[in-house]
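Two complexes come next, and they have one chain in common, chain A, joined by chain B in the first and chain C in the second.
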Partner chain A sequence: MSDATTTNLTLAYYPGCSQTGTAAEYDRSSRACCAALGVGLVDVPDWSCCGSTPAHTVDHHLAGALAARNLIQAELTGHDRVATPCPSCLAALRTASHHLAEDSHPNGAAQNNASPGDADPNSRTRPSFRSQVERLLDRPAPLRSVAVSVLQVLVEDVGVEAIAAAVKHPLTGLRVAPYYGCIMNRPPGLMAFDDPENPTALDRVLTACGATVVDFPFKTECCGAAFAMPRLDIMQRLSARLLDMAASCGADAIAVACPLCQMNLDLRRGQVNAFSLGQGGIGHAMPVPYFTQLLGLALGLPESGLGLDKLVLDLRPALAAAAERTAEAQKLSAQAAQAQKSAKANGKNGTGHGPKPGCKENTPCA
Partner chain B sequence: MRIGVMVCHCGNNIAATVDCEAVAAAAREFPDVVFATDHMYACSDPGQGTIEKTIRELKLDGVVVASCSPRMHEVTFRRAVERAGLNRYMFEMANIREHVAWISLDRKRNTEKAIDLVRMAVEKLRYDRPLTAKSFEVQKRVLIIGAGVAGIQAALDCAEGGLDVVLVERKASIGGVMSKLDKTFPTIDCSVCVLGPKMVDVGQHPRITLHTLSEVEELSGYVGNFEVTIRKKTPYVDWVKCTGCGACLEKCPSRKVPDSHNEGISTTTAITIPFPQAIPKRAAIDPTVCLHFTKGTCGVCKKVCPADAIDYDLKDEVVTEKVGAVIAATGLDLFDHRKCGEYGGGRYPDVITSLQYERMLSASGPTNGHIQRPSDGAEPKTVVFISCVGSRDRSVDRPYCSNFCCMYTAKQAILTRDHIPDSRAYVFYMDIRATGKGYEEFVRRAQEEYEVQYIRGRVAQIYPLYPLAGPEGNQLVVRGADTLLGVQVEIKADLVVLAVGAESAHGAPALAEKLRISYDAYGFFLESHPKLRPVETNTVGVFLAGACQAPKDIPASVAQASAAAGKVLALLSKDKLESDPQIAQVQAMRCIGCGKCERTCPFGAIRMRELRDGAKRAEVVETVCQGCGICSVTCPVRAIQLAHFTDSQLLAEVNALCRTWTETTGS
Partner chain C sequence: MHIPTPPLDLEHARDASFQAAVASESGQCLASCYQCGMCTAGCAYTPDYDVPVHQVMRLVQLGLREQVLSCRAIWLCASCQACTTRCPNNIDVARVMDVLRHMARRAGHAPEANVKTFADSFLASVARHGRVFEAGLAAVFAIKSGRPMQDAGLGLPMLTRGKLALIPHEPTGNGKAEVAAIFARFNRFADQGAGRHSHDDVQRSGTPKASANTPKARSDTAKDSAPTTEDGQ
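For the complex of A and B:
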C-alpha cells in the first residue's frame, strides 16, 4: 500500500517507545495513513529514548542530550523534519531544539573564558545548556532538524481538502469527540501549532473523514497522564470527567492523538469506571481509537493494517450503530420527501380555494 | 567677540560625575572666551542674574551655558540673555547632563567630554548671528476630531471661549462610548442624561460647525494656519429636509442589520437613526445593507418620507476648513474577545462583552433595561464577570492596564443585584485598581452592601453544561482559580460578562500620520511629555484629549478635554504668532533652479519662482518652513542654508571636535 501516490513530501519518522508497545496500533495506523496520503516516512536509524518524563524530571541536560541524539540521527536520513505521532516525544524534541537555539553560543567555552577574573561564581562561569549537552554527546549538537507531529503534517502539508478527496468510506453518522490532550498545542510559543485554547486541526481532519465532530469543551483538558502510577485517584477523577463530558456531548467515540491519553481512557477504563460508580456516577463503554485509525478506515485501508484489534474497547459496535442510525435517518428523510412530494401534488390538484395544507408545517421532520 | 561660559552643577546631577570647575577652567582658554564660571543651578534666579550681570559688566557678545538638554531650559536662558540686551540667538547650550553626566560614572572621561562639548558650543557661537522672528496672523478657529465626551467638552469650552469650532465625527451621531452606557460609576448617574444636555448644546451652539459621518482626509499647514480636508460621507438623505420623524425606519424592509449602537445584540434597519437622543437626529442609509444599493430594488423609504428628503444619488462631499489649532479626541475601541479561546472565542451566545451588557441594562436599550440571556431570553440568576480580558495580558499583546474596567465591573455587578434581587454576581479579578475619588468606597459597597462575590484569580475555561445535563443544561461552567484560598473554583453561570479592555480606535495610526503626531506600539497618541506636557503633542498646535492618548474614564477624559481647550484658547488668544527664524534661506545667486529642494520638502514649504528671464529660483515660504534642514543637504550647489545651523556653524563644531581629538591622541 506504500506506493499509492507519490509526492515530494518525505520526512524522517521517529516512532517513540510507546509506539513499539502499548500504542503499536498508533504507529501502524499513522504509517498506513501517511503512505495512503503520499507522505513518505524514513525511520530514524537507531533511535533511542526521546528524553521524556523519566529523564527530564531528573536532569534537563540529560533529557536534552537524549533528544539531541535523536535529532542528529534524524539528520542521517537526509531530511530536516522529523514527524512523530507522540505529543510527549514531540514536546521533548522541540524543547531541546528550542533550548539549543536559544543558547546560540556555539562554543560554551567562549562564554566561560570571557571574564576569568570575575569574582561572581554564578554570573558567567556556569556552563551553558548547549555546552552541557555537547559534553554528554561528545560532539556538537545539531540545530538543523525540527520535530513536527503527524497531525500537523496531515493538516498543514497534506491539507484537509486532499484528505477529504481521498476518503473512500466516509464515517457518516459517527459522532466523535476530538481529544487533543494537554501538550499537543502547548505551550503555544514552543509548539507553534493551532490555537492553544481551542485547537481545531483534529476537528477538521475528522470532519474531512465524514464524521460528525461534537463541540467537545474538554479538548485540551488533562487526562491524569502519568499520575496513574503514583496517584491513581487523580487520574481516575480527571479521566472520568472527560468521559462524562464526551457522553453528555453525545459522542460515540473519543478520537485521541496521544498514547498516554489513550491508555488512561482505554486500557484503564475498568479503573476509571470503578471510580465513577463508587462516586455515584455512571460507567462508560465508549471506545477511544486513535484519530489515525478513524482516518485509515475512512481512507478505506484494511482493518488489519490499522490495529483495531489492539483497542481494549471495541470500536466496531460504535461504527455499526452509527451506520444503522444513518440508514434509519436516510429512510426517514426519504419518506418525508415522498410525503412532501405527494402533498405538493395534492395542492396542485386542488382548486386553490380554502386554506392550503401548508407544506411548511410538514417540512421540519425532513 | 567676547564670550561668557557658565557650567552648571545641576545640584549633584552633573557635579557628581563631572568636574565642573575643571570644565570652566578649560573654557577660559578657548578663543574669544573672556569669562567662565561654574554655578550650582544656572537656571535658578541667582544663576540667571549672574548671566545678565556678567553680560552687562563685561560687555559680552554671546553666552554658552553647559547644563541640561535644550528641550529643558533653552527658552529660560534665551530670555535671560535677551533681558541683558543681547539677541536671543547669541546663545548656545552644551548638554552635559543627559549626554554626559547621566550616562557614565567615569569622572575623568566625563570631564573630558564635557570640555569637548563646551568647546564645540563656543566655536559655533563665534559664527552665530542675531536672528529676528517674524510674526504672522492666526486663524481663530479650532478643529476637533472625534465627538465623544472629550471632543464635546473641548468643543463647548473652546466655543464658550470665543473660538469657532469645527467638530468632526466619524459616526452618524455625536456622543461616543458614553452615549452607550447605562450608568456611570461611582455615583450611578444615568449616563446619557448627564451627556444629553451637552450634546444638545453642541448641536445648538452658534460657534460650533458639526460634521458627522465625516473623516479627516488631510491636514496641511502649520500652527495658526492649518488647512484641513474633511470627507463628509453621504447619508443618502438630505439632512436639511430631514426632520428625524422616523417614518422611513418603520417601513424599511431590511430589518436584520446588526445594530452597532447596541453592540450587535439587536438588529436595526438599513435606514436608521442611531438612538433617540442622537445629535443630529437625522436618518442615514447604510449602503452596504440597503436593498436599493445591494439589489437595485426597494425604494420604500423614498416613497414614505413626508419631507422628500431621501436622495439615492447624493455623493460624498469634500470640504476644506482653515483652523489655527487641532484637538484629537478620537477615543477608544474595545478588545475583540474572540482571540481568547479559553472564554469560548465567541462560540457561546451567553458569553457577552461588558458594553453589550451595558446596552442590556440601559432603559433605552433593546431589552428596555431587562437583563436577558441572548440564547433563550431568560433572566439570569447567576452572572459571572471576568476582568482583564485583553488587559494586562502579554499572550494577546495587550500588556497595559485598561484603567476603567475594575470600576465598570463593580458598577455592573451592583446593577445586576439591583435589577435581579435574587441573583448572584461573581467577579474574577487580578487586582482591584480603584484609585479615583470615591472609587475604593464604591467597590467596597459592591462587596459588602450588594454581596458581590469577588474571587481573586483568573478563569481557565468556560464550557457549557451541554447538552444532556438535565434542567441546568443551558448553563455555562466557569472554571478558575481562587488564589487567596489556593483552590480551584467552578461556578455554574447563566450569563458571563467579559470586561474587555480598551484598544486604540481603529484607524488611529493612520490619523496620527495625517496629523504628523507620534503614536505608541498600540496606536495610542503620544503626548509631548508624560508628566509636564500631557495634552500637547510634538507637533505645535495639535493637542490631545481623552482616551486617544491612553485608556481613560469619563472624568479623566473631560478633564483632559478642558485642559486641551485651555491650551488652544491660550495659543489663539494672540492675534499674531511669532515664527521661528531658524528656517531655510535660499541664496538666489547660487540657486540653479533644479527643483530638488521643492520635491524633498516634507512640508511643501518651497516653491519655484520664475524670474523675468524665465529662469527659476527656489523660494522658501517662511511661515510653512519647519527648519528640518532636508532641503539644505539636498541642494547640489549649497544654495540653501538653514539659519542658525549654517554650514560654517556646523563645520566650526566639527573642526573643534576633531582638533581636540588630534590633540588628545597626539599627546
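For the complex of A and C:
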C-alpha cells in the first residue's frame, strides 16, 4: 500500500463526540481505512461538539456557533476540507457553512426566500445569520473550511477502482444491505453528494470489497434517530421494519455509515426485537457493522484496528456463513462442471450403443 | 390512510401575522405550499404525529398560531430531511418545523416533554463538558424522564465492549471554556430579548449546569487565553 500513500491527499479530521464513546469502532476503522488508502487525516485541534440535532431544534444561531467554532479550529490544520465519519456532524458543519456563505454580505439583512406574501415588516431589521453567530462566538466566523464525509472522500478522492485494487481479502459471498441513513445525502442542495433518493456510494464501495450488495429499498429511511431515549416506541417501530426489510432481502449484515443508526440497530437490538416479537413478528440476529469495518477487513487490515469486538452482534458468524456458502457454491459448480464433462465423455463413448434413457434431458434442444 | 382534519376556529383564533413571522424566521416561502401532501407521504413519523406535516403547513398559512405551537408533531420531527428533499416548491419543511419548535419553546409549550428534556440534557452536557458526555447524558435523562430503567439493560453490553466512557472526553485545550462562553452569551442574549420572547425553557436547559460550571470556565478562560473573558463579565 506504499504506492497508495503517494496520492498526497490530506484533510482535516473531525471525529465527533460519538466516535470517542459508543462509536469508537467507527473512528478507529475510518482512520485505519484512510491510512491504508493513502488519505492523511489531521485531527482538528481542540475540537468541541458540533451541536448535532439538539442544537438546531433549540436555536439556529446557537447551532451555527457551535459548528462554526469547529470550522475555525479546522483551519488551524492548514487544510480547507474537514472529513468526518458522522452524518450528524457533517450536516451540522455543512449547514453552518451554507448559511454563513449565503449570508456573507457585510451589512445585509437576513437572506430570505420568502415571497412578498410572506413579508414580515421586521425582516428588514432582523440581524443577519452571520452577525448573530459571530455575536455568540465573539469573533469573526469562517467561510473557508468545508466538511465532507469520509464516505465521500473514499468514493470521490480515492475512487472505487483504487479501493478494488487494494482489496486483499474480498468479502465474497457476504450479502450486505447498504443503509445510508437519513442525512448522508439529504437535503441534496446542502449535502451535494450522491443521489438523495437512491444513493449508490456505499453500494459501490461494498461491491469493490467483493461483497454482494442486495437491493435494499430502505436505504434512506429513518431508523428513529435520537428518539430512542425520549420515545423508545417510535425508534422500535422504525428500526424493526428496517431489520425486517433487510432480512427479506436476504442480507447477512447491514452496513451502516451513521453512529446513531448503528446504535439503534445493534446496541438496541434487544429492544427492537422485543417490539417485533410483541407484534407477532420475528427477532433478527443480523449484525450491523460500519462500512469502514467491512472495508478494513477487505483491505486485509488487522481486526484489532477495526474494533470488531465492539459490535454487540458478532460479525463473525455472518462472515463464516458467507464463506461456507461460497465454498458450497464452488463445490456445487465444480461438481456440475465435472458432471458435464463426464456426460460429454459418456456421450462420446456411448456412440453406437443406442440412446440411453433420459439422455434427452441432458442434451440441448436440437 | 385516513387523515382527520382538525377543527378550525378561524373567527377567533387567527393570528394574521403568524405566517409572516414563521416565513421570516425560517427564510422559507410558506405561501407557495399548495398542500400536495408529498411531505406527509414520505414522513416516517406520520403515524406518530397528531397533525400531519402538510396540515401543519396549512395551519401556519391560516395563522392558527396556538393550534400549531401546541401540537405534538413539531416535537416529533426527527429532521430526517425527507420532506425538504421532496417538496416540489423547494420549501425547507424541516427548517419550518425547527422554527415552529423554537417558537413553541418560547411560548412555553412542550407536549412531548421527554423530547424537550432530551435536547436540553444533551445541550447541558455540551455546555458543561464542551462535548457530549454520553454516559452522563444517559444518566441525567434516565432520572429526568422518570423512566430510569428503560435503558438499564444497555449498560452491561456497553461496558463489556468498552463503549461506555465513564469519564468525559473533553476538548484538549481552551475548547471547553469557549463552548461554555457560547452558551453563556446565548443565555444572556436570550434574557435580553426576553421582552419580546421568553427563553425560560432554554434558560433552564443550559443554565443550572452552565452556572455551576461558570466559575471554573471563567478561571480556565482567564488562565488560558483572553478572547473569551467576556464570559466572566
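Here is the rule we use: the second predicted complex is superposed on the first by the 324 of 366 C-alpha atoms of A that agree within 3 Å, B and C clash if a C-alpha of one lies under 4 Å from a C-alpha of the other, contacts with A are read in each partner's own complex, and residues count from 1 in each chain.
We take it that a residue touches a chain if its C-beta (ideal position, glycine included) is under 8 Å from a C-beta of that chain, and two chains touch if they have at least 3 such contacts.
The structure displayed is predicted, hence computed values, not measured ones.
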Which superposed partner A:Cys249 touches (first chain B, second chain C, both, neither): first
Touching partner for A:Pro196 - first (chain B), second (chain C), both, neither: both
First, second, both or neither for A:Pro217, with chain B first and chain C second: first
First (chain B), second (chain C), both or neither touched by A:Leu232: second
First, second, both or neither for A:Ser48, with chain B first and chain C second: second
Dominant contact partner of chain A by residue count, chain C or chain B: C
Touching both chain B and chain C, residues of chain A: 188, 196-197
Residues on chain A engaged by chain C in the complex (per definition of touch): 17-18, 20-22, 24, 45-49, 51-62, 65-66, 69, 73, 110-115, 117-123, 126, 135-139, 182-183, 186-188, 196-197, 220-222, 224-227, 229-232, 234, 237-238, 267-268, 270-271, 309-312
Chain B residues touching chain A - in the complex, by the definition given at the top: 340-342, 344-345, 347, 395, 461, 463-469
Interface residues, chain C side, partner chain A - complex: 17, 19-21, 23-24, 27-32, 44-45, 47-48, 76, 78-82, 84-85, 90, 92, 94, 98-99, 101-102, 105, 112, 114-115, 117-120, 122-123, 126, 130-132, 134-135, 138, 141, 145, 150-151, 153-154, 157-158, 161-165, 169, 171-176, 178-179, 181-183, 185-186, 189, 202, 205, 227-228, 230
Partner chain B, residues of chain A touching it in the complex: 188, 195-198, 215, 217-218, 245, 247-250
